[in-house]
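Should a chain be cited, it is by its letter among A, B and C, assigned in written order, with residues numbered from 1 in that chain.
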């Protein structure tokens, strides 16, 4: 069990982590999410006693890391795969760690087998690929057979087999009753691995809840309905009755309809009454990525508003944003990623405000942002209230802006579920 | 279009790529999959003329790479290893590439904006995070506005926003009629991005097929049904020669049939369906099944690890991909 | 294939946008001139203490070039870094993807860096000569004296060739540490030591630095050195052959090996 209480870390004027309180419980895999620069690494470093909190404290099993008796036997961590002495063999690297912690040498060979490196145990680790380095880092974390495990981006550089292995490893570690805390940028991977999530943005807690709850709070489910493709009038009829019944309908590229606000049986009945046969009627849950994108939109520090098609795209991407009778499912956002690097938390106008030689870009596609920066994107440090299920207010989303995510939800509604 | 014809590469006794013949077509995102050491990177390097094939040829729009005039205008690539000088500013790194291929300097500024690096254009890449380095590499690939793009593990080091962005970038490039060839180890990411797949194992072509076909062929897919008229539906299915399996909770699963067929069947019989959805296994499952024997570093000896060559189906099939 | 002029422009951008260019070339100039000036002043002060035979064969031009021994090492570093950082940074893959004709790539790189090294070498050479002569006082020679202009221009060429030779070697070895680890000790120690060992010196006299540096001597046999079995221009010619061999080797490696 990891417990943080009022954890705060300032570097000079910059606040990396602010008043963070959470618990990571044993028996489940807890995912740790947040945009770049949101304070994830700093938090992990504070948990491991590498950085000293400016205020608050964090304990593992009730003790601060530095006061843990025989810490390597209780906590294992994979922080940076490159933190290995490259000149040493994999086995000797682990052996030196084992000796420091009073772990028998036998365990070294055991963990080498666990991570599948026994064949290269004698090789110097500077010849290792990223994936092999990652496996070595995981071996080091497992060395003391600890009850608490921290992994930072564990699947980096692993191949599909390795990714599957790490996922199953983490799940089984949790199933054995251990505390497993994993940070990752790969939402689809997280969705498969974690049961519980802790999400931070700008150093503050945005969410602390189960994955299921997180997705349903931060996105809306929808139904996909398809009328026979051979008869366009059936589709029109279906569209008519669904809209009349109060459903929000978007058109998908293959001609199917994406319906929000109506339960599946209701859709079925409506179709039946209208004499429309259905070729498909399937429930869809939003992805973790969509939910995450919504929640963190306001917490991403800066976002480019450049017209992405400038000089690259001669034509608008499919699904131009018009107000047709059946709006198409908005295609994915074309915004540039937020500029990485040392994000000035101090606020003030974004670096883009002063970027020379860039005319204000008109919103050219469905997904281009309106000329100005996002509300919240440039507003300095106005994260939503920590803890508690974030309500709609935590993810400000002006209706005028099409969702940047491949969002199933029409922009007009993000509260209604399909069922 | 990229055409590989009998492409072979040997390093001493080891054959990294073995008579690989395939085409990467424009207009779709083609995923390039294979376990570690399958020869993906070597193949990509041979496409760029960096490694010399032991046998066979690569053609870019019908021509050898070395015969391309100003190649960056034909093909742009992001290779896995960092390919830029850490001590030269991001801007100048791109400028020297642009000049070598007579690409206007204004394009350098444009692509830096495109990847969101305008603010750090004058900074040296050695101070960049992995994600920023990746974006700079993507900027370099886009520099010549090429018709063919090749990305090796593009989402490495990117945060969710960046991953989302690069995925949509690749899709839009393909929608624009460009050839997009991308390798990745992240199956879940690939499933969202690629339309077509080329899978290799131990240097040999294992599959060259559409994503849907690949999943269908390498894993189980079925139709999921729920209906208030359960008994009548069972009768109708039986009459249609179909044998549904009861999945509990009022859900029926039918193998070897399309949702269209079941929909028509139900429509003819006037049966109301509350669900009619296609269920596919995940790309990961399909990939694991196909490449089970072509894996180099296999973990074992731990209850957590899948037995060699046989991933735990129970673990993965609990998360079938959503119906497409 | 991109036009050579475009590749030359690109290489010029590459070379002017890394800080190592400035500091290696500045070091070559400053070290050579400063050391040459110091030794010239020292010689001037202690001229009367020299043995008579040394006084008789005193070569004021060569004395002012004494700093070349160290300055050339900065040129070696420059040449190595220009080529080998392409490999150490991974830039080589990007560069060769942009310029798939490897001969053209190497030519452009060597031409741009070689020209820059030559210009720096000539500037260094003239500067160290005039400053050295000024400090040699009454023992100085003048640029108009017989063979002196040849020596001064030759000194500049020597520096430039040193850089180009290093580029060739670095292209073969493809690693900055390996290239510097071989070239610097070779020129700083091995060549100089072998040149004073009885049997070995007959071979050492054909080493690129030993042969090339003869161009800077106006008075053969000055400072106890033995006359070489070839003239100053022939010596420079021998060095040019070394440079050609290094570049040819570099080209073959670049062409044949996977990047």
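Methods note: contacts are C-beta pairs under 8 Å (C-beta built on N, C-alpha and C of every residue); 3 or more make two chains touch, one makes a residue touch a chain.
Predicted, not measured: the structure shown is a model, and the values here were computed from it.
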Chain with minimal offset from the mean of all protein Cα atoms: B
Furthest chain, CA centroid comparison against chain A: C
Chain centre separation (chain B, chain C; CA means) in Å: 51
Centroid distance [mean C-alpha coordinates] between chain B and chain A, Å: 20
Intercentroid distance (Cα basis), chain C paired with chain A, Å: 56
For the chain B and chain C complex, residues of the former touching the latter: 45, 48-52, 65-72, 75, 77, 79, 81-89, 92-93, 95-102, 140
Sites on chain C touched by chain B in the complex: 1-3, 6-7, 9-11, 13-14, 17-20, 85-86, 89-91, 93-101, 256, 258-259
Parts of chain A lying in touch with chain B, wherever the complex brings them together: 33, 35-36, 110, 113-117, 119-120, 129, 131-132, 135, 155-165, 167-173, 185-189, 191-192, 224, 226, 228-229, 264-265, 268-269, 272, 277-285, 289, 292-293, 296, 300, 304, 306, 308, 310-315, 317-318, 331-341, 351-352, 355, 357-358, 367, 404-405
Chain B residues touching chain A - in the complex, by the definition given at the top: 33, 35-36, 107, 109-110, 113-120, 123, 127-129, 131-132, 135, 142, 145, 155-169, 171-172, 175-176, 185-189, 192, 224, 226, 228, 259-260, 263-264, 266-267, 272-278, 284, 287-288, 291, 295, 297-306, 311-312, 315-316, 319, 322-323
